[in-house]
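Look for subunit A in each of the two complexes below; its partner is subunit B in the first and subunit C in the second.
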Partner chain A sequence: MTRVKIRLGNVEAFAQLDERDAPKATKWLKETLPIDGQAMHSMENGREVYVVLDTPHQITEENQTIYQTVGDLIVYYKPAIFVQPQWPRHIRDFLVIGFIYERDSAIRGMSGPLATNLVGKITEGIVALAHEAPRMRREGFGKLSFSLA
Partner chain B sequence: MRKLLFELAGTSAVAEMHDDVVPKTCDAVWNMLPVEGMAIHANWSSREIMLHLHGEKLLRLPPEGPDRRGTTAPGDVVYFWRSPQMSRGKQLAYSAEFQRELSELAIFYGDPAGGGMAADDPARSGRDLNLQVATLFATLIDTPKEFAHKCEDIRHNGLQKLVVRRLERSA
Partner chain C sequence: MSDQPRDAHVQSRKIRISFPNESISAVADLLEADCPNTCEAIWHLLPLRVKAIHDIWSGHQVLAHLDNKFVLPPENVLTYLPIPGDIFYYYRPPHYFRGSPYGRSESAEIGIVYDRDTRPQGPRGPEAVSLFANISSNLEGFARACEDMICRGQKDLLIEKLG
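Now for the complex of A and B:
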């Protein structure tokens, strides 16, 4: 089973990819890693932190859920208005990879729940992420990176 | 109608109070001003910043005005109160005093202003039980780009000082 290292600001965590139930998305992810970008906090979903993937990818629906839970590692297309201050002219969504670090979160689209590809589960360090993300909400966001462990 | 001045990181915006619709809420907020604190960005309600009220500034006001069902527009300024029973999980980004009972001014500075998208879950809004109050009491007359930009900046770069004052009529 493939492990992924997640680094958010000053802390590290590890996730295991769900290669059995999300074979295409995890294959794509393994080929794409490392991913390193500006961490962003959700403004619409609760306790979600993510990075925007700025190169075009075509991710198909796989192992999807609208019932995200703590520790889920998710990949999906986020409506662009939640990322940028205004709608970009020709872009309606951005591919993102992120995780849920605390309960009472739910990924939303423009009019309701948004299904996300569940590509893995955080197995170590979720408590550290659950403290680092709120700290960054107060003090400012740094980098979020994903790499093969 | 009375006006409010919001000062944030060298920028400002003016709101007009809805004295004709929610006079008691407007009086309560007006009498409490000025107030200042560190504004935090929403993580459920989209483009909204919040100023938590505490100490002698804390307001516990009853609902007033038309029923609101979550619809929120850019420019809305909302008085919000949530009882301790309505706590939404751990609020580690907030000071400990705000992790249960919460009294705040919420400023919706741009699109999407998502008060109805997630923060106001119909199943747990608490409206019928008086566990939560959200009263639209003012509207930004015009939201300068610089002010909106500073609001968005809080999302990425952390808390910023927000001051809310009465905008008195000039002589």
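Now for the complex of A and C:
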């Protein structure tokens, strides 16, 4: 079982990749890590924090759900308007990797629920993330990184 | 300006909303014909300096918490797709939501929509709101300052009577 370290601002957490149910996406993720970028808080889905992958990748639909829950590590194409309101109009969406840190959250597209690839589950540090994300909402967002533990 | 009840035919009163630390402001028209009681109550609350924070459920929207005692009855309550510049009031009674979003189990709030593809929502779904004003000038500059809050966090928001 592959572990991934998540660092958000001043805190760390760990996730286990779901290589059995998401073999292609987790293989891609392991080859892509480390990922480091500007942390972004969702403006449309609730308690979600993510980072935009700035290089092109083709991720196939795998182990998908519209019922995201606390601790889910997810990869999906987020509608561009929820990333950059002044987005270049030829870009429909951006590939993002993120996580859900509190319940009552649901990933949405432009017309309703959006299925996301569930690639892992946060097993340690979810409480720390759930405190750090709201703090950064108030005080400003820093970096979010994912790396092999 | 007098605070006496106004003739319905008089041109709408205006408010200035600004981020004083950034010298960015916009002007909004009160929608007194559609939402007279909320407009009147908000008017008497001004000037108002509050912390604004970016919403996390609704899209391109910022919100500011008012004193919990500032409870207004619903008026022109809309669960709707706002247009950029819409400003509205809504109130959540105690324990309306699970837990205490923003540390409040009860909350009176003002929401401001700065771009399209937005819908007032909370953790239980679309929110009914009372639409009381719309930004009529410098929405673009104001919107950029709102969008900036996603990464930079909350900002002071000043709402004043303009005339």
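The working rule: the second predicted complex is superposed on the first by the 148 of 149 C-alpha atoms of A that agree within 3 Å, B and C clash if a C-alpha of one lies under 4 Å from a C-alpha of the other, contacts with A are read in each partner's own complex, and residues count from 1 in each chain.
Here is the rule we go by: a contact is a pair of C-beta atoms (placed from the backbone, for glycine too) under 8 Å apart; a residue touches a chain by one contact, two chains touch by 3 or more.
Quick caveat: nothing in here was measured; it's all calculated off a predicted structure.
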- Message: Under the superposition described at the top, does placing subunit B and subunit C together on subunit A give a clash or a fit?
- Response: clash
- Please name the chain, subunit B or subunit C, that touches the greater number of residues in subunit A. B
- Message: Touch test for A:Pro85: subunit B only (first), subunit C only (second), both, or neither?
- Response: both
- Task: Once the structures are superposed on A, label A:Ile66 by its partner contacts, choosing first (subunit B), second (subunit C), both or neither.
- Result: neither
- Task: In the overlay, answer first, second, both or neither for which of subunit B and subunit C A:Asp104 touches.
- Result: both
- Query: What is the contact status of A:Ala130 with respect to subunit B (first) and subunit C (second): first, second, both, or neither?
  - Reply: first
- Message: Looking at A:Met40, would you say it contacts subunit B, subunit C, both, or neither? Reply first, second, both or neither.
- Response: both
- Kindly classify A:Leu148 by the partners it touches after superposition: subunit B alone (first), subunit C alone (second), both, or neither? neither
- Message: So in the superposed three-chain picture, is A:Arg138 touching just subunit B, just subunit C, both, or none of them (first/second/both/neither)?
- Response: both
- Note on the structure: In subunit A, both subunit B and subunit C touch residues 38, 40-48, 81-82, 85, 103-104, 110, 136-141
- Mind pulling up the subunit B residues that touch subunit A in the complex? 40-47, 88-90, 92-93, 110-112, 114, 117-118, 148-149, 152, 155-159
- Task: In the complex, go through subunit C and note every residue touching subunit A.
- Result: 53-61, 97-98, 115, 117, 123-124, 143, 147, 150-154
- Note on the structure: Residue set of subunit A touching subunit B in the complex reads 38, 40-48, 81-82, 85-86, 102-104, 106, 108, 110, 130-131, 133-141
- Item | Partner subunit C, residues of subunit A touching it in the complex | 38, 40-48, 81-82, 85, 103-105, 110, 136-141
